[in-house]
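One structure, pasted below without further comment.
Chain naming follows the written order as A, B, C, D and E, and within any one chain the residues start at number 1.
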Amino acid sequence: MQTFGQQLVNGLSLGSIYALLALGYTMVYGIIKLINFAHGDIYMLGAFWGYYSLRAFHFNFLMALCSAMVVCAVLGVVIEYFAYRPLRHSPRITALITAIGVSFLLENGMSALVGANARSFPQALPVVTYHWLGIRVSNIQLLILITACLLMALLELIIKRTKMGKAMRAVSVDPEAAQLVGINLNHTISFTFALGSAMAGAAGVLIGLYYNSIDPLMGMTPGIKAFVAAVIGGIGSVPGASLGGFIIGILETGVQAVGLSAYKDAVVYFVLIVILLVMPAGIFGHNRREKV
Amino acid sequence: MLTVKDLAVNYGAIQAVKGVSFEVHRGEIVTLIGANGAGKSTLLKTISGLMRPKAGQITYLERPLDRLSAPQIVRAGISQVPEGRHIFPGLSVQENLQMGAFGQRDRAVFNETLQTVYDYFPILKKRRTQDAATLSGGEQQMLAMGRALMAHPQLMLLDEPSMGLAPIFIQEIFTIIQAINQAGTTVLLIEQNARQALKIADRGYVLASGQVKLSGSGAALLANPDVQRAYLGG
Amino acid sequence: KSSSNQGNNPGKTIKIGVNMELSGSAAGYGEQQKQGIQLAVKKINKNGGIQVGKTKKKVQLVIRDNKTTNNTAASVAAQLVNNDKVVAVVGPATTNAGTAAIPNMTKASVPTVSPSATDPDFTLQKGGAVQKYVFRACYQNDFQGSSAAKFVTKNLKAKRVAILTDNSSDYGTGLTKAFKKSYTGKLVSSQTFQEGDKDFNAILTSLKHKQIDAIYAPGYYSEIGLIVKQARQAGIQAPIVGSDGMADAKLAQIAGKQNANQVYYTTPFSTKAAASNPVASKFMSAYQDKYGSTAPTFSALAYDSVYMIKKAIENEGSANSVKIANGLAKLKNFKGTTGTITIDKKHNAEKTIAIEQLTNGQVTKTYDVDQ
Amino acid sequence: MLFGFIIIDALEFAGLINTFIENMLVTIGINVILAVGLNLIIGFAGQFSLGHAGFMAIGAYATGIMTQTMSTPLGFYISMVVGMVIAVIAAVIVGVPTLRLRGDYLAIATMGAAEIIRIVINNLKITNGAAGLFNIPALASWVTVYVLMCLTTIVTVNFIHSRGGRAVMAVREDELAAGAMGINTTRWKLAAFVFGAATAAIGGSLHAAYIQTIAPGDFNIMASIAILIIVVLGGVGSITGTFVAAVVLGALDTILQNFGTVRMIIYSLALILIMIFKPAGLLGTWEFSFRRWLTKGAVTHD
Amino acid sequence: MTSRLLDAQELVKSFGGLTAVANVSVHFDRNELVGLIGPNGAGKTTLFNLLTGETPLTSGSISLYTDQGVQTLNGKKPAQIAQAGISRTFQNIRLFKDLSVLDNVKIAMTNHYQEGFLTSVFRLPKFYQTEAAMAQAAHELLKIFDLTAVADQPARNLPYGTQRRLEIVRALATKPSLLFLDEPAAGMNPEETADLTQLIRQIQRDFHITVVLIEHDMSLVMNVVERLYVLEHGGLLASGTPDEIQRDPAVIKAYLGGA
């Protein structure tokens, strides 16, 4: 029972990381139907920004977190402007390849710039471990979980309640009509990228802090997993992305807990396929069957 | 109010509009009729800023429009009801109408306009919380018009509002267009249903393969034998 | 048809190729090796080069990236031997890329020394005969794995061991296989992880209540560092024993000094022993000067690889590639940074193995394992 | 094609082609085989598959394992056929459920399926786990690769220009309308998918027998993406484009070997720029005057 | 009843809470021209979708009378129903836009010209024979509809009206005994509509098939059909000859309007 509780905590912390990343994926995909392959690498850059801002500029943790969000937001906007905007009217698969190119560029650019080696992240917050019924929870795990939930709620609020959020929804369903009611397409898409990339930046710093190890390739695997999470949850849906993240986190934890660690990813993909077969648009996605 | 001069528009290599000129005066209903593929929709899209002209000028209230983006043009007072309705599925009827007033900041004005729209289209009020995707074709058409009205346009561009509608709806739509016009909005109307359109129009232009072939008052065009043969079914 | 069996000959300079993982998943390790290679060549050239017969010739490096993929490694090998006409190659770092390079090296009769390909069969042909042009500077897995098993049994007196393997390369799986072969105690659990994994909490939690005397975790420092950290944070105090892939100062940084306790690893390159090894201590300080950090094992192994080639040239008095291969095969008691190396019949590097212990992130003790 | 073969062979005899160039040509040839198959699935059938490397792995391991004991050319071809058969079975198992999905959902599902294949290979004894297989007998030469490249391309192009190809393209254009025309859309989607998988297995077999080393890591997501890049860069729906892109990328990759550590940076920049300036791929959907090409193809075959 | 072609009994279709088709029974005889009208959202297209298998039935039964006897269509896939001899066009044109006009027609003939996989992949002589036969049949159809000149053009290049015509040709190429047309005149001007009226009559006469059409353009409907069904709110409001329907007060109130 204790072990079970502990594993649940493990699963939730891992899940909240996937969720945080999946949020950005789901937003960008929701609006321009682009699998933003570079999203995981923006998260990597967020982690590196945290690393340097803590070490070189001696920021405190909160400042590092917020500045990483800002830097990544700007970066997301810049990437969108140069790499994706010119392709807005091209086949989507073209933009996907460009996204892959951007991802390669960020990974290898960072490797060339700072070296491909893993490095340890400055411990900006002292680790405090709480014990509760024999379950250990660290303050950083709580921080990640709470941040993930807060950001998710905030996003949902932005999308559902604010004007920009409504504009985002309008652009995602019909960009042309959105322009006809006075929505600026470019601003809206830039805003989405900024928001999604800021999430990734926050995730980067939090994960740097949590695992204490960052490297230029760190975004690759979590990036793909986060996309899978977003798909499981129903891509385009904010609660779906979070749910998907938690499902994957708990699933991976569960599989390892029963001793099948070698098949951890295989199980995740298997569950992905099964979920898609039952719900072809993910858990929260609406499967709008084409009306003839 | 709106002057289009020697306008030419291309889709890649295809020339869809080849030097079209016409005018719309304040308070009028002007209709453009013409066969399929004549370039009518392309023309409207160019006026509303969705497409860029290859040559020619568009001036609106003495201002050139061809440099403005689509959202800026909406703010300048032109709103379009696009071909095929293009309502926002997934958003409720009321949210769709809110989107129509996207550039609008004043809450009171907004409420007032919303009331007007609901007065024109009482059915929309009944369905205001419903997902717009589940509306019937006629209701969607009304929603599209309502949404365009929410922007408080001075000039409204309508692209085939009667397409695919039941006869009873068609009559209603034309009645509403007249009402909107009476309330002070200038209307540029594109129609396949030329007879109805010319009946309510002050003036009309006939477009064929990207060029203006004929123009005149609604009544004159209705009486024109060429128009009768080609566009009114004999 | 164009390749001769005479091998390549040097020109004005001695060209040494580097077929290395500079991008892709093993880029981190490849980069460290590149640093070691460059350091070695710089030093050799500063001293005038390599003595070939009567003249001294400078060394010229041709560095090429194999992207950590097999077909690029093969292609890079072909380019190095055919176009660049190198007389010897250092690399690749991984067994997979290394074996992919072998056919082209053999075709051109140019030797290759891998600093870190550990698979026992790496240097062997299918029937078990030795690959004439393939050498390595590191241990092979069997040696290191069995040493770890002995240490765990004898020194740690561990009766119940859990294994945590890096399952994404031959390195971790090979060591595990070797460990399992010679460990006689009880294997409580055998789990795996992937390169790049960051979260080991689930596995560790499942181990927690299993009364484990030691954990054997062969892998690289980037993951093992996290395992150490998360294990200690989860309250697992059992000793963690690993392999030379974690012999890197970064391990303690990633794990956190307070967590890096009771951590052991097998290594040829003992930083502690380095004090008594003049070659090693010189290398250590040179590395510190150039890169501002403690030299990692991979750099040391790569450094040795270059010097092994140098030694072979000097012994043979020729920088013809076939001769270099002969020289490498006959290398005996070569004093390297990672110990005194003798190349055996199977082209493995025989050298003593040490086990280092970390306490609060510092190497506090070195054990010798006798074979 | 025959012509190209003669030229390249002549060059080889003349000593102009060394192992290095041959290596490049073989890589290009194998990539053509893989990308032509994927282009059939993506470009012609309109099914976005991201799992091509999984089927390639099956072919590669079939050859890697079987030629350990049957190290003769005959053994190699038998292993290739066995690989194709297994790949076909796997493609049916994967395809029947997942091909109901659309667009990116299908992509992610096929990617997952390929990863499952890879992970299973990574954990099996017979495949030697993560260490992979090496010392695989060198049973594929440049000639083998070239002939098989021509053969698979001809067969694929013939398929595209037959009733099946039209059915498959109808599914791509409008699945619903295709169904209403009496075309069993599931069956034809599956046909294209299985066909592509079988050619991927051929590519895998050749890869194993030429490089002589295989490991599960060779067939990961990035490997699938690399093939996808060739297809998109050449032009989705253009077999000629696939050829051109495979050659361009193969040459680029080789040239970039001279750039040491920055090779991947240049490569990724090139990728982004080509896509931005040539969004439909190098050749769009243009095909090299294939009437003539086809007759020529038929001649070489008959 | 020898001339009966299709019998649909008590069809029901609900989408979640909404009943789009509620207990509708219709039948079509051989060589008939039937119209289906009703307000927007009445369930006309949905009814077509049910009859062609595009949308699964909630309940009801559909029987097709063929030379081999009665065949139930319940639960059949669209492709199977098409193979059984029912073809259709779509409310929004759904041609294979990037393919040539000829290929559009050939695709519809897929099931009538079998060529084996190996035959086509290895280009055995039979392949060339089959292809030639198919091409000839396709060209004959195109000729009837005056499309020979554009046979090699991609479908997307055709003007709207021509695309609609091609959609009808494509549907005919499957050799149906029953053809459903969903708003064939939508977006056409009166002149084009008049041409279409002619065309529909011609098809029905020359191909000896049953045509059922949905249309809002009364000039077309009242001119060609022999019989009409009127739907409203998913239910059958009326049925009868055009004259009867035009005078039916309920239909006038719900659909035709006063004018």
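Brief remarks on what is shown
The rule we apply is simple: a contact is a pair of C-beta atoms (placed from the backbone, for glycine too) under 8 Å apart; a residue touches a chain by one contact, two chains touch by 3 or more.
These are the chains along with the protein names UniProt gives them: A, D = Branched-chain amino acid ABC transporter permease; B, E = ABC transporter ATP-binding protein.
Because the structure is a prediction, the values reported are computed rather than measured.
Of all chains, C has its CA centroid at the greatest distance from the CA centroid of subunit E. Summarising the inter-chain layout, the chain whose CA centre lies farthest from the centre of subunit D is B.
By number of C-beta pairs in contact, D-E leads when B-E and D-E are compared. In this assembly, the C-alpha centroid of subunit C lies 72 Å from the C-alpha centroid of subunit E.
In this assembly, the C-alpha centroid of subunit C lies 35 Å from the C-alpha centroid of subunit D. Counting partner chains per residue, subunit E shows two or more touched chains at residues 54, 90-91, 94. Within subunit D, residues 122-123, 176, 261, 264 each touch two or more of the remaining chains. Residue ranges of subunit E in contact with subunit B, taken from their complex: 18, 38-41, 91, 159-161, 183, 186-194, 216, 218-219, 254-259. For subunit C in complex with subunit A, the touching residues are 22-23, 25, 27-28, 30-32, 167, 189, 191-194, 196-199, 201-203, 205-206, 208-209, 221-222, 225-226, 229, 233-235, 250, 253-254, 256. Residue ranges on subunit D touching subunit A, taken from their complex, read 42, 48, 97-98, 100-102, 104-105, 107-109, 111-113, 115-116, 119-120, 122-123, 176, 221, 225, 228-229, 232-233, 236, 261-262, 264-265, 267-269, 271-272, 275-276, 279-281. Within the complex formed with subunit C, the subunit D residues making contact are 12-13, 15, 18-20, 22-24, 27, 68, 122-123, 129-132, 134-135, 137-138, 207, 211-215, 217-218, 253-254, 257-258, 260-261, 263-264. The part of subunit A that touches subunit D in the complex is made up of residues 29, 33, 35, 83, 86-87, 90-91, 93-98, 100-105, 107-109, 111-112, 224, 227-228, 231, 235, 262-263, 265-266, 268-270, 272-273, 276-277, 280-282, 290, 292.
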